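Okay, got some structures for you below.
Shared chain: chain A. Partners: chain B in the first complex, chain C in the second.
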Partner chain A sequence: MKSDPKNVLLKVAGLKKHFPVQKKGNKKEQQVVKAVDGVSFHVRAGETLGIVGESGSGKSTVAKLIMQLLQPTEGEVVFQDKDIFNQTKKQRKQTQKRIQMVFQDPYASLNPRMTAKQIVTEPLRIHEKMSKEDLDKRALELLEEVGLGKHHLNRYPHQFSGGQRQRLSIARAIALKPNLIVCDEAVSALDVSIQAQILNLLKQLQKNYGIAFIFIAHGLPAVKHISDRIAIMYAGQIVEIADRDVLFTNPKHPYTKALLDAVPPSNPRHRKEKTLVKGEPPSLMSPTRGCPFVSRCPNATEGCHTNAPELLEHEVNHHYACHHPVQAPNNLENIGGRNS
Partner chain B sequence: MKHKISFSKQLKNIGSRILELSTPLGMIGLITVSIIVILAIIAPWVVPHDPFSMDATKRLTPPFWMDGGSSTYILGTDHVGRDLLSRLIYGSRVSLLVGLLSVLIAGIIGLFLGLLSGYFGGSWIDQSIMRVVDAMLAIPTLLLVLVAIVVFEPGLVTLILVIGLTSWAQYTRLVRGEVLSVKEREFVQSAKTLGASNTHIISKHILPNVLSSFIVVATIGIATAIMTESSLSFLGLGVQPPDITWGSMLNDGRNYIATSWWIATFPGLAITVTVLAITFLGDWLRDILDPKLKKGGDDDDE
Partner chain C sequence: MTNNEQHTPLLSVDHLVTEFSAKGNKSITVVDDVSFTVNPGEIVAIVGESGSGKSITSQSIMGLLKSGGSITNGSIHYQGSNILTLSKKERRQLRGKEMSMIFQEPMSSLNPMLRIKSQIAEALRINQPSKSKRETMDNAIDLLKQVEIPDAEAVANRFPHQLSGGMRQRVMIAIALAGDPKLLIADEPTTALDVTTQAQILALIKDLNKRNGTGVIFITHDLSVVADIADRVLVMYAGKIVESATVYDLFEHPQHPYTIGLMKAMPTLDSQVEELEPISGNAPNLANKPEGCAFYPRCPFATEACLTAVPELRTLEKGHDVRCIHPVKEGVLHEK
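On to the complex of A and B.
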């Protein structure tokens, strides 16, 4: 799955999204929640970028910004050399054709009053003028592509299982042959056995069509199987981004290390020493000068409270934002949850 | 041809669904309403007597099972000797017509404004529509109708228009609420990411998902409209004689309630039974319109 490193499909630069909140009983004082606070990364054509972070780290907000469901406070998203927030209606429609999304909850993301056929052909009906026969033909092709069949065409979402519904979502996402699919926790609502099937399906589609994925998840095991590179988000920022194997063997940011340690080992006898993070993530409303992770970091020093580390490329293709990176390299053998 | 087959198949599906989901109350409602509708349609051919012809010699004949009653006038006659049964059957025509047409008017307005208001929730469009709705709901409908009837000439058309134009607010409010919740659901978000237009989202995603609760409330709205019509006709402000309505029949019987109870009782019963049957029907419709609901409960929890 190595692709041309120059072939950047999507570039996110300095992206910020601040939501205003009104304090109760105090209308003048407006505060902001910095859901996404200066995020930059890129996705190359045909590769998979995993974005991992805990609840409230801003990963879904990033997805919504890329999908143009939200307007950013600052920063830009460049897709195929065009800023997506700065384009005409016609260009916008073209971009919407090229980027698709698979949502987390397969129960909520399908209209209960549409049949499978109507669901998977909806993008075609919006963007392409196709005859009824062509639509029918394409619907069947799409269903077969995701492992469903002819007898599913006229069924309603409630007649499918969770995994099948997610397959429908994927069929809808690939209908227009997009360049990029954003999967917002696309498997976390499914059983573990089904998760593997869906991940394999996505891999297969990527192989066949060269689709790039942004794969958002709240834990590392889910993205490990599918990602080429992984970005770790914390409190609205990316704290570390590296190739998958590098990140798993040699995590530099203490938070990444803690996430890796939180994965249970596949063999329970091989218990390892864990660094566990204590405490809560910082409030996204209170302004911080220092590192966002400082309150929970085992390596924090005085300087970390006042001086926020920048996300820098310390090694080739390995960016991290930390003053005191983790030293000991992690042994790959000890990492559990290997399902590849 | 292919189309026709799938259509008849669909009809068959609906038919089997009705049987599958039948409940005793729902069936009572469905059958009663069907009988009333059929009677109203074929009224001229089934009435035993001319409902307008008076016969002073036969006035105040009691129903057949009472002393002095005759089997010619099954439910007796009124104060000018007209056959009550025939009048009841004819009266159903006006009641149903007013009920259906006024709810149609109110429903179309309410649905349209509700979709608009809900979809653009929070905007000035929503705000202005909702303020008008608040104002409409603050005034009792009957009072509003009374004023309107006094201003315009009373009659069938006026009645339908006035009831229709004064009762849309409740539909707007209901539809708006439903739209507000439906539009936050992920499948609407997903349609947005696809680049769907507002029209597409409203017609394909939102409308089908608010329609079932709308239909239920509209059905009950028909019952309310029939009551309003009866009240107005009772007060003499509704449909004018010689047209027959249950409300004006009630009014006719009012003076004779102590001596000839049947004149007022039967139209009253007719109103009660019709309204009740329509309400049962509405309750039951909600169940069969939900694609997820099957007999024996939900097989697929969300």
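On to the complex of A and C.
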């Protein structure tokens, strides 16, 4: 299914999540960790939005907020034109049906005491009234959908390999025919050959059922492979968001450029002397007035220390938050889009 | 490469077999007839997926096999002498001074109760017990500077939990370097790190290798890390080396169907494909390996012969070995 540009499925606006922490030895003074600090984006029906960021960038917290596993400090998440944090219990249950999640570690997210059949039918038992026969039938359908078979029905998670377990998580996620699946590092723990199987499976399911994905990962190649659009997060904020090919050929934010440069080459002939970005992300506790990337940025000037750049649409569908964007397009020889 | 004085390699592993046995069960061969050499100043990458035996190979070299594991055949020569015949004590003296190791998860390798400086000092004292406390501390801070830790004096006084993952891995490398080893074994040292941190650590290891001529065995599952850092590559599958070549040769002319499969399955930034080509199926259970070629059930090029014939590792051309009866070069490969 081709994504419809008008058909916005999920809209996140000004989303913030601040976690309070007690300062040592000073019980009165409270500090906050700004895990997510003003994030806005949208996902269209049937498309894949990749969210890339390093540890602590807030990408998993965004996922938990969308899943309603956390309450936001500020901002809203609108799913199918309804604010998900402002609805009745009954409406909420409906929304939960429509948004599902796949986690990084399938072993930790599957109940070890449930069989494959029980696992994939659990969402159906909670949300739908189905006869035992229908449940059995659906369980088999779901397993076959993800490349497993009849003989897997009564097995327990420990009897599956890592890749098969992730297939099982996916079968559970599609059981209620959701509109959106949030994949949080869903392939990061898998071996290369298995990772490719799961990526292809996700693409296939999207094609067949028009499911939209939010694909959260730190590995750029996998994100590039699966996403239509990509958002780059840094220190709780989105610093750049663009169509996949634009982002890889013409990154504007210096952090995006640094991330792309840091990806090891796919062939030893492309080894290059890289200008590595120094240092590490800032503490999320210390209040910053300026740009979060300022301490590591090669383009930073005085103004960047005091004046935080806003995420603005500088070119059509290409948003970035930077006062001094990267000028030269990225090395086109090595990194070409699919149309080049 | 700085191998001009002598032709003895730094490390030479010959026909290594490592088995694991649990009570009452048949023992499992995890490393099966593995042979390779590492020369001074050379970076040899061992690439493979989970269960390929790459980590057990390195633990066999270091003498760090967990209980139940034992080397049942083969030899490991370090600078010409067989280290498998050494006593436990002699073996311990090799570790740190001659060869040292860094691991994937630096947090579980560091002592959470000790300050960074004490942990580095511990490694220094083992190698130079005669030094004064003052000198040892100075050395510790020098090592932290060597691994490019900013504000080394302050970091030396911190505890592991106060450092980021990248910093912890730098501390691990500093500890590994304390004895000035000639061989460094790095077991997935960047797998748990972020992309920009990974690039920094890879650059650091490359730099140490160039500056000090340290031989490096770099274990990873990630072919692009191999492309970035290795001089030579060993590809392992189900306990065996299935292909070994220089890094350029391997990426330009891969010969084993498994190597080719890995390359096709790996998403890259410069690939233009819409669909990845995964390797079908799963890696074999080591307790129940197929007869014939271990890769046979997943191989798109397999023939009748592969079902029974156990392929030998053979040299196709100088420096390029492959364990396959139908390597690409011989041009008989046809996808099923």
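Rule of thumb we're sticking to: the second predicted complex is superposed on the first by the 326 of 340 C-alpha atoms of A that agree within 3 Å, B and C clash if a C-alpha of one lies under 4 Å from a C-alpha of the other, contacts with A are read in each partner's own complex, and residues count from 1 in each chain.
What we mean here is this: a contact is a pair of C-beta atoms (placed from the backbone, for glycine too) under 8 Å apart; a residue touches a chain by one contact, two chains touch by 3 or more.
What you see is a predicted model; the values in this text were computed from it and never measured.
Colleague: Give one word, clash or fit, describing how chain B and chain C relate on chain A after superposing.
Modeller: Here the two partners, once superposed via chain A, fit next to each other without clashing.
Colleague: Counting touched residues of chain A, say whether chain B or chain C comes out ahead.
Modeller: C
Colleague: Tell me which partner A:126 touches in the superposition: chain B (first), chain C (second), both or neither.
Modeller: In the superposition, A:126 touches chain B alone.
Colleague: Tell me the contact category for A:112 with respect to chain B and chain C: first, second, both or neither.
Modeller: In the superposition, A:112 contacts chain B only.
Colleague: According to the stated criteria, A:192 is in contact with first (chain B), second (chain C), both, or neither; which is it?
Modeller: Only chain C; A:192 stays clear of chain B.
Colleague: With the two complexes superposed on chain A, say which partner A:162 touches: chain B (first), chain C (second), both, or neither.
Modeller: second
Colleague: If we overlay the two complexes on their shared chain A, which of chain B and chain C does A:45 touch? Say first, second, both or neither.
Modeller: After superposing on A, A:45 lies clear of both chain B and chain C.
Colleague: For A:101 in the superposed arrangement: first (chain B), second (chain C), both or neither?
Modeller: In the superposition, A:101 contacts chain B only.
Colleague: Figure out whether A:67 sits in contact with chain B (first) or chain C (second), or with both, or with neither.
Modeller: A:67: touches chain B, not chain C.
Colleague: Can A:308 be said to touch chain B (first), chain C (second), both, or neither?
Modeller: A:308 sits against neither chain B nor chain C.
Colleague: Rounded to the nearest angstrom, what is the minimum C-alpha distance from chain B to chain C in the superposition?
Modeller: 5
Colleague: For chain A, which residues belong to both interfaces, chain B and chain C?
Modeller: In the superposed arrangement, which is not itself an observed complex, chain A uses no residue for both chain B and chain C.
Colleague: Under the definition above, what is the set of chain C residues touching chain A in their complex?
Modeller: For chain C paired with chain A, touching residues are 49-50, 150, 164-167, 194-200, 202-203, 221-225, 227-230, 247-248, 251-252, 261-262, 264-272, 274-280, 282-283.
Colleague: Provide the residue numbers of chain A that touch chain C in the complex, in ascending order.
Modeller: Listed in rising order, the residues are 54-55, 161-164, 191-197, 199-200, 203, 218-222, 224-225, 248, 258-271, 274, 276-280, 334-338, 340.
Colleague: Please name which positions on chain A make contact with chain B in the complex.
Modeller: 67-69, 92-93, 96-97, 99-101, 103-105, 107-114, 122-123, 126-127, 156, 158, 169, 172
Colleague: Help me check something: in the complex, which residues belonging to chain B touch chain A?
Modeller: By the definition above, chain B touches chain A via 185-187, 189-197, 200, 204-205, 208-209, 291-292, 300, 302.
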